[in-house]
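Below you'll find the structures, each written out as structure tokens.
Presented sequentially are two complexes of subunit A, the first with subunit B as partner and the second with subunit C.
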Partner chain A sequence: MGETAGSSVQNEPRGQDFEQVLGQSDARLARFEDRPPGLIAALQHGLHGNPTLVPVIVLVVAIAVFGLIAGGKFFSPFNLTLILQQVSIIGILAAAQSLIVLTAGIDLSVAAIMVLMSVIAGNLAVFMGVPTVLALLVAFAGGSAAGLMNGFFVTKVKLPPFITTLGTWSIFFALNLWLSGAQSIRSQDIDRNAPLLKFWGEGFAFFGARVTYGSLLMIAVFLVLWYLLNRTAWGRHVYAVGDDREAAELAGIQADRVLLSVYGLSGFVCAIAAWASIGRVGSISPQSFYEGNLQSITAVVVGGISLFGGRGSILGALFGALIVGVFQSGLRLANVDVLWQVFAIGWLIILAVAIDQWIRKVSR
Partner chain B sequence: MSGQPILSARGLVKRYGRVTALDHADFELMPGEILAVIGDNGAGKTSLIKALCGAVQPDAGEIFLDGRLVRFASPREAQAAGIATVYQTLALSPALSIVDNMFMGREIRKPGLAGTLLRALDREAMRAFAREKLSDLGLMTIQNIDQPVETLSGGQRQGVAVARAAAFGSKVIILDEPTAALGVKESRRVLELILDVKARGIPIILISHNMPHVFEVADRIHVHRLGRRLCVIDPKTHTMSDAVAYMTGAKTPAGMEAA
Partner chain C sequence: MHKAALMGASVIFASAFGGAALADVGACLITKTDTNPFFVKMKEGASAKAAEMGIALSTYAGKIDGDVETQIAAVESCIAAGAKGILITPSDSRALAPVVGKAREANILVIALDTPFEPADAADATFATDNFMAGEMIGKWAAAKMGDPAGAKIALLDLNPSEVSVDYLRDQGFLQGFGIDIKDPKDIGDEDDPRVVGHDVTNGNEEGGRTAMENLLQKDSGVNLVYTINEPAAAGAYEALKAVGLEHQALIVSVDGGCPGVQNVADGVIGATAMQFPLLMASNGIEAIAAYAADGTKPVNSEGLDFVNTGVTLVTDAPVEGLPSISSEEALHQCWG
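Our next item is the complex of A and B:
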């Protein structure tokens, strides 16, 4: 071929002899079909482009079905806002969890961080006479530090997030029992010494509904995080690191730094949940929310965020938390035994992950 | 080829334990040319390229960019200096959009506080820029610039990766096996793309095993053997069998001792 290379100067088409037929070939091959035939495939592609559609559809269907079964009781403004209140704490924890899951990690310590921070803020403000605002600032700093500690083990010591947070879950839980002496802080004591701690439990009436500030806080947390993840360079880097860490690093992203910031922010959000939980529960109990870690993962998974990282919208976790709340509320109003609520949530998780796998097949 | 090389290396050495991957290797890339780097498996091509793009740090030797001595601690630094690498794996995030991928790590931010403080993205500006760069390189058969990269064909992905490398004022582009995973037709488009980039005056280092492709687009061919540069040949005066003979050691270039 080397000898014939000079001939390309004479305006002949470039390329090898066997490739000359390409000129006559079907040019459409290079493009790709936007919409493959069939309704199912169209649905699959639609969901691939917009994975949050699944939880939205499930939520709407669940509301409709439980509305039919339980009737007016379910649709009452009081019940609908009660669901919002009930999911607000797990919802905020799910927001913190989503951040970690988007980086292909998992955080078993979110609820432990939250309870530990509520105990710290409560002890400082209620028993030690520290101004409430200062106590809350300590809790925010502590939550961020706890998150950064997870992040340190994940990025610098290179431990898998699952193992790291399994360890810190126990560590934070033990610290929390030690600091609190395994004693709850009673509601009356909080009211007397540090009423600001219960701010998020307050609210206003609205056509028979009771909207707490805590419910609004949950929605605000999700909106702020959505903005950060989708409209800032940092957010795109979080997705890139979760999607394909090596590719992100080759593109010039400092993955460890991004991961550290994600763990720190997640811990900060847990501290927000800590403040909100005091208002929601009324008291501060070191034994509360023991299942919160797993419930937050449930909300994230049901919300269509992929455990493999980099896929899904954080708003999905909000819908996931609401779906769980709607199921619990609907089944309760329909007088179904609690064990069947648990049963139903279990199937929801399996179904959600199965759908995620099916959607991801599009790209193969 | 005249003048000063834009990128050159002298006496690069890289050892991995008892294996010597680079044994006093030299390298020269002239402005505006396509230089192919060929060599048998294990000849040290990859180590050479990694040293040039900052992915590994040589144990000895010097690298010059534009005549200035440079030392890269990471691919980031090489990138900042103007050496863009399109890896064989492409280094694209499949779930992110074409725009997101093109700007990964160097996003355009909104003017004002939102941009500096929050690093908020100027998405319209990014879309417009990406669209312009992709159509420059004739890649606008891609209809939707917001679609995830994983929905693109192999050739389109390669196109996005090359466009990303060419878009940000790079002085040198390194292409690692750009046609290895592609079909006949897509390879053709990528080769056209390489020539397009060259026509813009950006010199290219092309690592490839595909002799017809190398001989078609390269201006000079760097033959790597046993950890060092064996010779540089002109594709117009040498045949593919010459090149293969040199790189496998079946033949020794005139004026050299047997390797």
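Our next item is the complex of A and C:
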């Protein structure tokens, strides 16, 4: 930090040369930087204080650039609301993922929980004649229980989150294949027996835009979680545990209890995604969203939430999901081959984490 | 034997009416998984035929698609058990080739079902669907059904970016059947016919089908013909069309013959689908093993192909002249899953 010439002078000169000139040196112990820090450093500081700024800037720039490249088709209200629909499920999963990542964990099982819960709700409501509301309640309870199971292994058995959820990912996927027989539940059968399951796929149109309730649900999930994380004591505890668990415990926070609640809530949000996914996809498809876990992590990382925990706003994950959606839509409309879309998203992840590392240097 | 028990092998012994001559013939069926309805049907066909012919059948399956180790262990168990023949759907066409080579050295007849080995002659024979022909069938049907093929705007919903053989065979077969110059038959998307609106990938499921259809509608909302790699992708495409009220504008064709897919033909979601026959692949396979055990004869490939074609049938409720097809009602008795 600049020039902190620190040494004090109080004794008589004793004959050694360097000591004789000490009196002329700066006698202050330390001082704050008061020179203008330069544009880059100011940016670094600004971003450190407000990490969501990066994804917001990237999103705005991406929309502008693709608007120029792909033209009016990209900018149409229909396309912009279509992007919103297309990212809605991964977006909700990313909200669940953000909760875990904020505690310096990672959850590979989010999409598996979601698909399993959609299969459970579907089997109950469509084939077994259970009232749809009851089937959904079972799914919500099941999602929460699945999340708590992850939390149990992380807090009580002390397994790393990565390993825990790597295991439960397989477990939930196998259960899903067993329950569904790898066979989809058809859209027409859902319409006949349990149309409420498809509620989030409905929507309304205005000025050529088509907004589904599922898109609004995604935004609502983010806003509620943002409120919980930023305006409640629980939320502060989540950030504290994620930033420095030991310090949090010394401050009297029961870290295990906080973590358990985070995993449970994350599982519950996955069950919300399960309901929304039935509306989005139209049918209940046990083979869909196999890579949903990785896509949710992509959204979180691109959204500027630090994988080291405790830093980043959950709204970042929303912007992260939208950035990925905008890139895919824009590249597609610019007639770029699918494999180059995959390529571009890969670079986006690397870039996002590199920026995160650079911002983190401020605190050293 | 211990290993076999660990892997949960099930053995169906010759029943009372089984031929005495074949009583000591053992056969193995090794599928990619035992949850996918396609393989469940395969197992059903093999079991029924084995019971009928008095062959002792052991069945094995990988845990997931791509589970090479379990399949290798299963082949080794079959060699150790002295089986006469092995029917296998290789999870990895290349990785399984060496171990089935060992089986053939032990004079075991190896038949690949559904998925060929690379190279195909790593096995004694391959019993599979002619996927190019399946595509051609629905392409021809679509051309006849549309009346004015010149006004077609075609969206193609493929499998994934790696363009595996089943993917390009069905896609290119469809375009050729429809009457479009496909250029390189192994390359998806090199066509320059303006009637092709575009290709996108679906991963063969509903979610991917819906997203891909939405994307292609963004390119051209006038799409009136949709090819899909399989029936789940077709169901997703239909949802996308329905969401924007275009479900009556576009004709959807597909390949597979799964029961939900056939039901979707009956419901008017899919115009036509080409049905494949996993049950036949397996029961023909058992017959081939019986023939090999009796006098050493090996199956001969279908003419002009490097595999034995187990057949494809067009399923539609709107038959067109010159193209044999069956109705969805009939197909519901033959579908798998």
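The working rule: the second predicted complex is superposed on the first by the 328 of 364 C-alpha atoms of A that agree within 3 Å, B and C clash if a C-alpha of one lies under 4 Å from a C-alpha of the other, contacts with A are read in each partner's own complex, and residues count from 1 in each chain.
Rule of thumb we're sticking to: contacts are C-beta pairs under 8 Å (C-beta built on N, C-alpha and C of every residue); 3 or more make two chains touch, one makes a residue touch a chain.
All of these numbers come straight from a predicted model, not from anything done at the bench.
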| item | value |
| --- | --- |
| Touching partner for A:Ala240 - first (subunit B), second (subunit C), both, neither | first |
| Subunit B versus subunit C as contact partner of A:Ser283, first or second or both or neither | second |
| Subunit B versus subunit C as contact partner of A:Ile253, first or second or both or neither | first |
| Which superposed partner A:Arg231 touches (first subunit B, second subunit C, both, neither) | first |
| Subunit B versus subunit C as contact partner of A:Gly310, first or second or both or neither | first |
| Contacts of A:Gln188 with subunit B and subunit C, given as first, second, both or neither | second |
| Subunit B residues touching subunit A - in the complex, by the definition given at the top | 75-76, 79, 85, 87, 89-96, 100-101, 103-107, 109, 118-121, 123, 141, 143, 147-148, 150-153, 155-156, 184-186, 188-189, 191-192, 195, 211-212, 215-216, 235-240, 242 |
| In the complex, subunit C residues that touch subunit A | 33, 35-37, 40, 161, 189, 198, 200-201, 203-208, 210-211, 214-215, 218-219, 232, 235-236, 238-239, 242-244, 258-260, 263-264, 267, 269, 337 |
| Contact set on subunit A toward subunit B in their complex | 1-3, 5-6, 8, 14-16, 19, 22, 25, 29-32, 34, 48-49, 228, 231-234, 236-237, 239-240, 243-244, 246-254, 310-311, 362-363 |
| Residues of subunit A touching subunit C in the complex | 73, 79, 82, 85-86, 89, 177-178, 181-184, 186-188, 201, 210, 277, 280-283, 285, 287-290, 329, 332-333, 335, 337-339, 342 |
